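Below you'll find a set of structures to go through.
Same chain, two partners: chain A is paired with chain B first, then with chain C.
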Partner chain A sequence: MRKFLQPILAVVFGLALGLGVTRIAGENPWHVLAILGKSAFGTGYDFGMTLFYSTPLIFTGLAVAVPFQAGMFNIGAEGQLTLGALAAACIGALWPGVPWPIAPAFAIVAAILAGSIWGAIPGWLRAKRGSHEVINTIMLNFVAAGIASYVTLYLLKNPDTQNPETRSIGAGYLIHQFALFGGAPVSTALPLALVVAALIWILMWKTVVGYEMRAVGQNESAARSAGINSGRMRIIAMAVAGGLAGLVGVGEVLGNAGKFRLGFSPEYGFMGIAVALLGRNQPGGVVAAALLFGALHKGTADLDLETEHVTRELSLVLQALVILSVSADGLWSWMKKRNEP
Partner chain B sequence: MNTELIASTLRVSTPLIFAALGGMFSERSGVINIALEGLMLVGSFAAAVGTLLTHSPWLGSAFGMAAGVLLAAAYALFVIRLRANQIVAGTAINMLAMGLTPFICKILYDVTGSTPSIPIAERFHSAPLYLCWVLVAGCFLWMKYTPTGLWVSFAGEHPEALDAAGIRVNRVRWMAVLVSGALAGMGGATLSIFLSSSFSRDMTAGRGFMALAALIFGKWKPLPTALACLLFGFADAVQIRLQGVPVWDGHAIPVEFIQILPYLVTILVLAGFVGHSRPPKAIGTMFQQG
Partner chain C sequence: MSAETTAAVELRGLTKQFGSVVANAGVNLRVESGTIHGVIGENGAGKSTAMKMLYGIFPPDAGEIFVHGKKCVWSSPADAIAAGIGMVHQHFMLAGPYSALDNILLGAEPVRCGVIDRRWARTRLESLAQQYGLPVDWDSPIENLPVGVQQRIEILKLLYRDARILILDEPTAVLTPQETKELFRNLKKLRDEGKTIILITHKLKEVMSFTDRITVFRAGKVNGEMPTSETNLQDLANLMVGRKVVLNINVPPAHTRDELAMEVAALSLSGTVAGSRHKLSDVSLSVKRGEIVGIAGVEGNGQSELVQAILHPRDPQCRTSGTVRFLGQDVTSWEARRIRDLGVAVIPEDRQREGLLLERPVSENFLLGLERSQEFSHAGFLNSKNLRMEAARAVEEYDVRPRDLMIPAGKLSGGNQQKLIVAREFQRKPRVLIAAQPTRGVDVGAIEFIHNRIVRARDDGAGVLLVSFELEDVLTLSDRILVMYEGRIAAEFTRGVSERELGLKMAGS
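After this line comes the complex of A and B, so read on.
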């Protein structure tokens, strides 16, 4: 029971507190809530945008969840997804003539590889040098942003525009967009994300590697006495995470923009932390939480226009409050104690 | 090496030194402080607001410290009282700071990007430069020669022993986290009212994490930690210095590459030295009164 109740209460609590904040800003919280709901689900296009934002969140949520199961905290999904998207765009811009089925496959592999390498670095540093992945992944986020802006502004600059973006990728790279959503860029990336979530469930709960990763996460010294190479598991978990984050590039580059745009991600990597924690670090939960946060993101994006004082940053505040309420173990045992006389 | 570069190193190191000293109190008492980044961010925002209101950098930095303490109290509430995972809650506090600062900025000044700029006469000129080193000495003496300093160390190394001596471990940790909020807030203040002329969005840019890295490199001791901050400050100063300077065949290194220098140095330093550095024994663990 607690399994479902805790995340739901955390969302209610976080939302209530967050809307209370808008009260301080001089808005009517009910009005804000109504705007949130309307702009996330109001029309087919709105709902499509919600799904569009949810797709990368499934990937980044998994990218946080897998290392979490292996006892690590990946706050580097932002850098990993940046390089994944950049790699996909580079392939597509450098070899624009590749025909359809091969082209996207090629770009997807590149995105996974780039993300994996970027994820494996902090995994390796933790396993071999003992330096904490939290600091290293944050630092690597900044490094990835530097690399991305260099490549975008100097090597593959789009000559037709002043916007900081790369040249367009070849037409053969574009993946299918569903027509159902009134022009919202919902592409094959969404079903891909669902399939990947299922694959990650199989990897983590049905294979030996997955079992060993979770064993390291639960009790490293016990895992090591059982003969598990914990360093290797950490590197694998982080490489898998990086690959997952890299897949964000599929929906953005192949399914939406057709190029790499600097700053395309509204911190999907950080949102992935809230998604993973709310989804209890399990693939099914991550998918559900990604939908919720996709809706919240779409909703708050419109607050800029629809209200006088509330800005889209409310989304970050809400995420932080949800994370805090999910993680506060003491809160839940305290509530339980009150219910048991 | 010239005096300009040394001066610049000392200047850009000040926010790191304040924040790292703050992190020291929290971590020596057993509470990991990933939230340093967020504490600095609210500090830099509140200090800019305070200075714009009061026209005094001293009162402004008091605002910054107060904001740091307030957010640190929220952090302490979650990790000490409500037993949240310290790294997870710390990250949430950082996100809260990232979201709240533009949010409040919009309410106060109707823009999300940055506060109005602060006239030069109302900013700090050199005071934080000296103040941070006075604090390094002060923290050294405090940790080594006062009972409260000893309590902090015991809360992080042998909480059971401290408890047996009749001192409330969690109360000591609360105080240590609040002090770290004040110092990190001061560090943030130096960013907005000493090193630049206003608060701008996400202006801490990872400095809270660099301060943590300096803390590890400096083995959680005040003076070595401050020296480690100087190293990161030096990387930052070199980075600023190299921008646009032709180094090879008349070409400058692209700014995008130079700017990543401090981050790379942080990763390398951590990878090279962390093995020789032992964290406080009870760091990251909850203490439950028996």
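After this line comes the complex of A and C, so read on.
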């Protein structure tokens, strides 16, 4: 019970703090709250946009949660999702003629593979060379951004526009968009994300590999002493994480833009860290947390337009306060545990 | 009741609770001035908690502390030190590269004109050392000194701070039998000079031979207090555990088979720094099936490295040369998993660090290392039903309390954690058992249980390598005894060797 109540309280606290800030800025906090609620859930379109933002957060939240269970901190989801999306777009642009059911499957596999490789590299470096994945994933984020720019601007540039984006993918690659949401780009990527979350739960809690990954995360010495190859488990965890982040490309490229656009991600990879933290690194928790952050993202986006004093920056402050309070909650539990004898 | 008291230390109704765990429930303890007072109890019985409150590490929830008849309320150990109480912790609090002199001064430097007055300090310390018969080399870096001398420095540190009451927490854990004797000789001298000494230990023989009075802790309470002359080993053990304990199990003679369970040849591990001492040099030994081979030695003479080298021969950080064979097969290039799958069970030296997932439930801990066995997995998926059934059966058979598969292993007491590990490792039906420190920090009742299990494994045909810093373990169980000193095998004995002879070899002579 406490387990569920605590993160909820943290969110409420962060939200209250954020609304307090809008009060100082000269806005009626209840009014701000009403706008938040309305713009996240008000119409079918609004709710659709909330779901659209939530979908990549489910993937990146899982991409942080899985390595975390294996005792690693993946800050590289941003780079992994960039390369995943890029790979899907490249496949679609280079072979536009592939027909429907094969084409998206092909692109999805490419997105997973690209992300996996990008995740496995820091996993391998940690396992074999002992260099820390936090440093390596951050650096690889920059490398991934560089590769994406180069491919987008020099190799597959869309000749019909000034925007930094690749050529469009073939029509056979596009996945289903649900009509329910008044034009919001909610695609099959959402149910895919839910299925993947369920699969990750099975992987982590029902399989031998999942158990061994968690054992390494809990106590590497004990795992090693029991005969578990901890290096291999780290590589697997990071490869799985990369694949998960790569799947962000499915919603964006196949379900929304139909191409790779530079800078399409409002830092989904980093928001994934907060999502995983709030979701207690459990797949179910990650899905719930992703929905919350999706709603917050959509809600705050409209504050700028609908209020006088809450600017775009201030709405980011509001979001940040919620994230901070959630992280502080984790810190609090950790400190409490430390003080016990 | 008058608040006046003549005792050096008196604790009245001391109570301390951590979360939902009551560590001390109304502890009353009286230590007379100028005596050696033994405080014994199982792990988690609350003896350390009471002493830490006396030393000001944390405040009691309720109850009072009197020192030399004066009621005291500490806000930190600094207050306790000022009142003349000193504590030697189980793990010494020394700065390795500093000299003995500087270690003693650290935190209480005599300053004259802004400069540390070492000369004055040295004169004072030399007279202290002479008075109490504790000679020390003041100038060499402390890490180069033997453990017994380091402990002497810890005691001098307290005397330098004018401590009149000395608390020693498990002081003999790291000493050879000879060093232990010398320590107690020194403690007696200190007592005769008027100091009061409180000795926390779990070794019954020590309290019996060296103390004046004994207090027995059990389950957060004082379960008995008596003059040492009016009690005996058996009564103390019974008081500690709360039931009748068999102190000396009878180990029937071994029926050793000719088959080799384990054989290592010329095993070496060079030091991490070029030119430094080898951690293992040229260790060769063999264990037959149906035999217990004990490795005796003072902590830090290569025993841990030996076990790691045997279990992870592939890892260059564990072994630099030499071969390891199990059950006739050369496993030197094998992964740990393959070695374990031959039927090699391991009771690790540090059960919390190397043996358990402390935050995970008992059932998952029971699974550790067995997760790929046919019994518990199928096609990569775990068989949770089998796991629950087997874990429940094992918890029953090995008497792990409480009988709850879902509580985190970290919440079990030390003895029950160890029994859980024994249960898991014996699930493999071991043909080789490597038991490192199997009874470390385990209560008397669990020691009896674990000893019996190890003997039974031997009689079922397992070859057992027993590594222990507790001479009791080695002497009781081993059919053959090897002594390790500075990374090599220094001597070999058969069953029946005297403690004295063993002790001499452990000290490297």
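Throughout what follows, the second predicted complex is superposed on the first by the 307 of 341 C-alpha atoms of A that agree within 3 Å, B and C clash if a C-alpha of one lies under 4 Å from a C-alpha of the other, contacts with A are read in each partner's own complex, and residues count from 1 in each chain.
The rule is simple: a contact is a pair of C-beta atoms (placed from the backbone, for glycine too) under 8 Å apart; a residue touches a chain by one contact, two chains touch by 3 or more.
Quantities reported herein were computed from a predicted structural model and do not represent experimental measurements.
Here chain B and chain C are compared by how many residues of chain A each touches, and B touches more. Using the contact criterion defined above for the overlaid structures, shared-chain residue A:158 touches neither chain B nor chain C, since it reaches no partner. Shared-chain residue A:168: touches no atom of chain B or chain C.
In the overlay built on the shared chain, the residue A:273 is in contact with chain B alone; chain C does not reach it. Of the two partner chains placed by superposition, only chain C is touched by A:218; chain B is not. With both structures placed on the common chain, the touch criterion links A:125 to chain B but leaves chain C unconnected. In the superposition on chain A, A:135 makes contact with chain B only, while chain C stays out of contact range. In the superposed model, A:328 makes contact with chain B only, not with chain C.
Look at A:315: by the touch rule set out above, it reaches chain B but stays clear of chain C.
Touch criterion met: A:208 reaches chain C, while chain B stays clear of it. Against chain B, the residues of chain A that register as touching in their complex are 21, 24-26, 73, 75, 125, 129-132, 134-136, 138-143, 146-147, 149-150, 153-154, 270, 273-274, 277, 309-311, 313-321, 323-324, 327-331, 334.
Touching chain A in their complex are the following residues of chain B: 34, 78, 81-85, 87-89, 91-96, 98-100, 102-103, 106-107, 112, 205-206, 209, 212-213, 216, 254, 256-257, 259-260, 263-264, 266-267, 270-272, 274-275. The residues of chain A lying in touch with chain C in their complex are 206-209, 211-212, 214-215, 218-219, 221-229, 340-341. Across the complex, chain C meets chain A through its residues 18-19, 21, 23, 311-312, 335-341, 346, 348, 353-360, 364, 367-369, 371-372, 377, 380-382, 384.
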